Amino acid sequence: MSNSKRITLQQTSEIIKDGSSLTFSGFTIWRRPMAIVYELIRQHRKHLHLIEVNGGSHTEFLVGAGCVDIWESCWVGHELYGKYGANLSRKVAEKKIIVEDYSHAEMLFRFVAAASGAPYAVTQTSLGTDIHNPEFDMLGRAGLRDGKRIAQHKYQFVDDPFYGAGAHVLVPAAKVDIAVLCVQQVGEEGTVRLNGQCYSDPEVARAADITIVMAEEIVPEEYLRRNADQNAIASFEVDYILECPFGAHPTGMFGRYDVDGSFLKDFYGATRTQEGFDEFAKEWIHGLDHVSYLEKLGWPKMLKLRANTAMNYCPREKKGGN
Amino acid sequence: MSDFASPEEYGLADLLCCAAAHEVQNNEVVFAGTGLPMVAIMLAQQTHAPNLKLIFEAGTLDGRPPEIPTSVGDARCEMGASRASGLFDAFSVAQRGYVDMGFLGGAEVDQYGNVNTTCIGDYLEPELRLTGSGGNPDINSFAKRTVFIMVHEKRRFVENVSYITSPGWRVKKWPGGELVHRRELYGAAYRGGPSAIISTLGVFRFDEQDGHMYLDTCHPGTTAEQIKEQCQFDLDISRVKGQTQVPTREELRLIHDVLDPDQIFIPKVKK
Amino acid sequence: MSNSKRITLQQTSEIIKDGSSLTFSGFTIWRRPMAIVYELIRQHRKHLHLIEVNGGSHTEFLVGAGCVDIWESCWVGHELYGKYGANLSRKVAEKKIIVEDYSHAEMLFRFVAAASGAPYAVTQTSLGTDIHNPEFDMLGRAGLRDGKRIAQHKYQFVDDPFYGAGAHVLVPAAKVDIAVLCVQQVGEEGTVRLNGQCYSDPEVARAADITIVMAEEIVPEEYLRRNADQNAIASFEVDYILECPFGAHPTGMFGRYDVDGSFLKDFYGATRTQEGFDEFAKEWIHGLDHVSYLEKLGWPKMLKLRANTAMNYCPREKKGGN
Amino acid sequence: MSDFASPEEYGLADLLCCAAAHEVQNNEVVFAGTGLPMVAIMLAQQTHAPNLKLIFEAGTLDGRPPEIPTSVGDARCEMGASRASGLFDAFSVAQRGYVDMGFLGGAEVDQYGNVNTTCIGDYLEPELRLTGSGGNPDINSFAKRTVFIMVHEKRRFVENVSYITSPGWRVKKWPGGELVHRRELYGAAYRGGPSAIISTLGVFRFDEQDGHMYLDTCHPGTTAEQIKEQCQFDLDISRVKGQTQVPTREELRLIHDVLDPDQIFIPKVKK
């Protein structure tokens, strides 16, 4: 009823502390909370533990800036605009980061388990792969499996006792401190409406102990409550909200704007060296705030990216026209 | 009846795309990764498999995008789909056994069809960390058959991949890591495995019994011996059926005028 | 693309054979596929095994008519209009039916497991209750736990190996032959749109081997595909469709019509004896088809029940007015 | 300040409803069963707990129905809610630990707060089969505390219920079935247990250490001794605090003019 969930972009980096474990909304290069990611880099957050269903450009920003100690996920890259995560790749080779690999479905099921209060999920995916190689339990090798926030085991193998369906793997629930979401609409009390594919947003919001929702628009709560069956996350699952238009740029947002492919290509190119990344961060992150970032991007760029509201994306034939 | 294109009318990507499309049958449920697999499936939808049901990992069930998505998370996935939701739905549908076929890519493949997309070199001391698994092992674990599209280089067709990201026909049984037939490990989830590797040189299949790769067809301009030379393992070329079918002019029209006019995934050949 | 999924009401009882295991859409007295339930009674289906997240009036019809050998669920009654399931209660006392009790959440998690292809779910609900009493494994006592469609065990108890969270119970996936749904809209290719609470419909549809969807309306598939993010069940998860307006009566349907409380009260009253049920079935089921059933109900009744489309239910102040 | 109603102005259902409403605190997440619990929570929402978040088992999260639903599956649940979805969401939220309080009913209760809604008599030879558990054990297992509203008859307040449907403070440890403290069994899911039984005679609470029920307040017109007489076990009446607070006129107005004007769950007293 009150607006007490509202915070500023600056306050997000007070809630997200050094050493926090974090997860995010979106999918690879879509609906990533970039404005908050930039703010964390500006505030020099350290020792973050990212636990993600999948990574993307936001991961590469945080990893490149040295904010991340542990990355637990299955994939990082920029899709069409950058074949792999060059920052992560470099830091792995330099042993400056611990990478714990699961498969995509395993990561997803880990979040589903956490979101429904179960200690683990049971699945038959990825049997026989090196993902299950006991030598490659990197958190175990680092002595970090305390059974508190990080599970005592990376996996357990069991046989199905009910239907004789054979070998299964148990994957531990993904326990995470903070979920940071970037969405189309949030109500004043925290109700979230997502449009298009919801990815794994409802699950990660519920799995995390604290959920921050950055939205293109904060809308009247009663507007969303007129069609409760179209909402994706309930009010009480959200702790903090903020409005930040174009907060996902350079990643895209269904119904609002497309991925900024040329920006990501440039970024990917820059990340081939640490110096390249630092240069890029100096130009686009440090010393800027969100509005000056948008001004630097400029109107022509944003007009070119904006989605046609009937199609929910920017049709390609239109692109040359602006 | 088919109006096959002449060699100067198509490129290698066209050939791969069409070869991949031919792997799909009508009415099948198909799970597609980003890139060329997407174009291939949409090509099948436009030709012999109009009732094919397309799943995108990010949460689209029975998709029919009018404009090709740049990735499975793309806003373009939703338009015309039966249902847009999320990963839990996509992977649940897959694990439940709805998926007939998965379409994937890979960096390295071995004689058993094990695919690596995680790292080049020793996992603990990697020469190069790649993207990681993504949904590759998941789609491949759950589908009845899987088709991979890959660049063919000798360093990529190896006896044993340095890291099994995605399970082939003979996989590692943990904790020991000895190679066993996939059937032994997957129990009720055993529904098949990799059915074809479409490389830039030829089409490869697997003997389901012993799990070994063999050459099925050679792309135009290559011979079985040349392809065997480009594998680090002893490729079985005794079962070669002939040449990979080349694209028809209609397929090329669909690829370049309808599906990917902006050459996002498939370049046009210069005439 | 073709209309080949369309069947008639009569054909549903050919798909649902004697001995089938069945589950349903809806919740207690809402969105139950009553027209199909009546048809099964008319066709004298026998030896059905109901596996339901929860039961309701439809259960009482099938049980009263002697169609059901096994009922596996957690609750049966008519909510406000009948305190308990009098037919079930009588048949339990007479040992004419096997009842296997789980808790509500357990039944739900069993369907979630089945829908995602997992052999079981792990939960901490109902620990220490008689639901877990090994003496009360009724399918086990009946020698029916073959490990094929009926799990080898009712439960298994395990400790959480990952976080030391203590005792957990494993509940087997609910394997069921046919899900029978009653919904607002289905497209020609099978896409389902649900309005209001979706209950456990998406899960039961996916868990079952065959899914039949009876809808108030069959709508153009492309209409539903304009907003794919509002659809609940994908085309390929549905095997058969049929249109049957008011097919949920006397149970209610969000946005269309309310529960017919007086009908349910009369029915509940009748079910206090087998003769009472038989009399009721003779009057309302046998010798009628769906249209003659609606004609017997009459226009004043249906006008009284119809939902206000702005509110999605029939507001109480309106009721006297018709 | 409170304008308490005089005895002829309210009925027993009013008293129970208000007593139940007083158990809720503002900002709590509350899981309500069908019937009187629903009215009680909505009354709390209208009085001291405007920020209470109401969950209905059938899939409504943070509901604020303008017209009282007849059950949790009712179409009325959705209007004004934060989210309408399904049971998987409702039970996931509960198991995840969001729920402060559950509001339930029961047919039989024992000295440890174990509740039976399954059958009267031996489970294998039942005198009367009841509705079954519904979500009673689930809400009660997951909530931090649970309040039950029950009809008080001596046959319903028993030493040990014939079937534990919903767990109290001392529950059965399987396979043996010996009674142990709930804390021993629930591990990380141990968050509390039944905090009050509001019967038609009085309000009962539990000693969290030994798990025994004791009498907290007597409804107007009853004495502790009379209530003890209506229990089959030896009720602890040493901690009685006095009389159950009677409804205020404002509470009665809200119940009868706003929440349940049609007397669906709460009859009006004839004046």
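Per-chain numbering from 1; labels A, B, C and D assigned in written order.
Here, a contact is a pair of C-beta atoms (placed from the backbone, for glycine too) under 8 Å apart; a residue touches a chain by one contact, two chains touch by 3 or more.
Since this is a predicted model, take the numbers as computed values, not measurements.
Q: Count the C-beta contact pairs for A-B and for B-C, then tell me which is higher.
A: By number of C-beta pairs in contact, A-B is the larger.
Q: From the mean C-alpha coordinate of chain A to that of chain B, what's the distance rounded to whole Å?
A: Distance between chain centres: 27 Å.
Q: In angstrom, rounded to a whole number, how far apart do the mean CA points of chain A and chain D lie?
A: The mean C-alpha positions of chain A and chain D differ by 41 Å.
Q: Give the residues of chain B touching no fewer than two other chains, as numbers and ranges.
A: Chain B, residues with two or more chain partners: 60, 78-79, 84-85, 88, 91, 94-95, 142, 188-189.
Q: Please set out, as single numbers or ranges, the residues of chain C touching at least two other chains.
A: Correct list: 117-119, 123-124, 160, 163-165, 168, 196-198, 229.
Q: Quick one: which chain pairs are touching?
A: Those chain pairs satisfying the definition are A-B, A-C, A-D, B-C, C-D.
Q: Considering only the defined contacts, which chain A positions touch chain D in the complex?
A: 1, 114-119, 187, 189-191, 206, 221-222, 224-225, 228-229, 231-237
Q: Could you list, by residue number, the parts of chain D that touch chain C in their complex?
A: By the definition above, chain D touches chain C via 34-35, 56-60, 67, 70-79, 84-88, 91, 94-95, 114, 118, 123-124, 126-138, 141-142, 163-167, 171-175, 177, 180, 182, 185-190, 261-262, 264.
Q: Quick one: in the complex, what on chain A touches chain B?
A: Interface residues on the chain A side: 26-30, 53-55, 73-77, 79-80, 83-85, 88-89, 92-93, 99, 101-106, 108-109, 112, 123-136, 157, 160, 163-168, 196-203, 252-255, 258-259, 261, 307, 311-313, 315-316.
Q: For the complex, which residues does chain D have touching chain A?
A: Of all residues in chain D, those touching chain A are 29, 50-51, 53, 60-62, 64, 78-85, 88-89, 91-98, 142, 188-189.
Q: If we count contacts the way the header does, which residues on chain C are in touch with chain A in the complex?
A: Those residues of chain C that touch chain A are 117-124, 147-148, 151-153, 156, 160-165, 168, 170, 172-173, 175, 194-198, 229-230.
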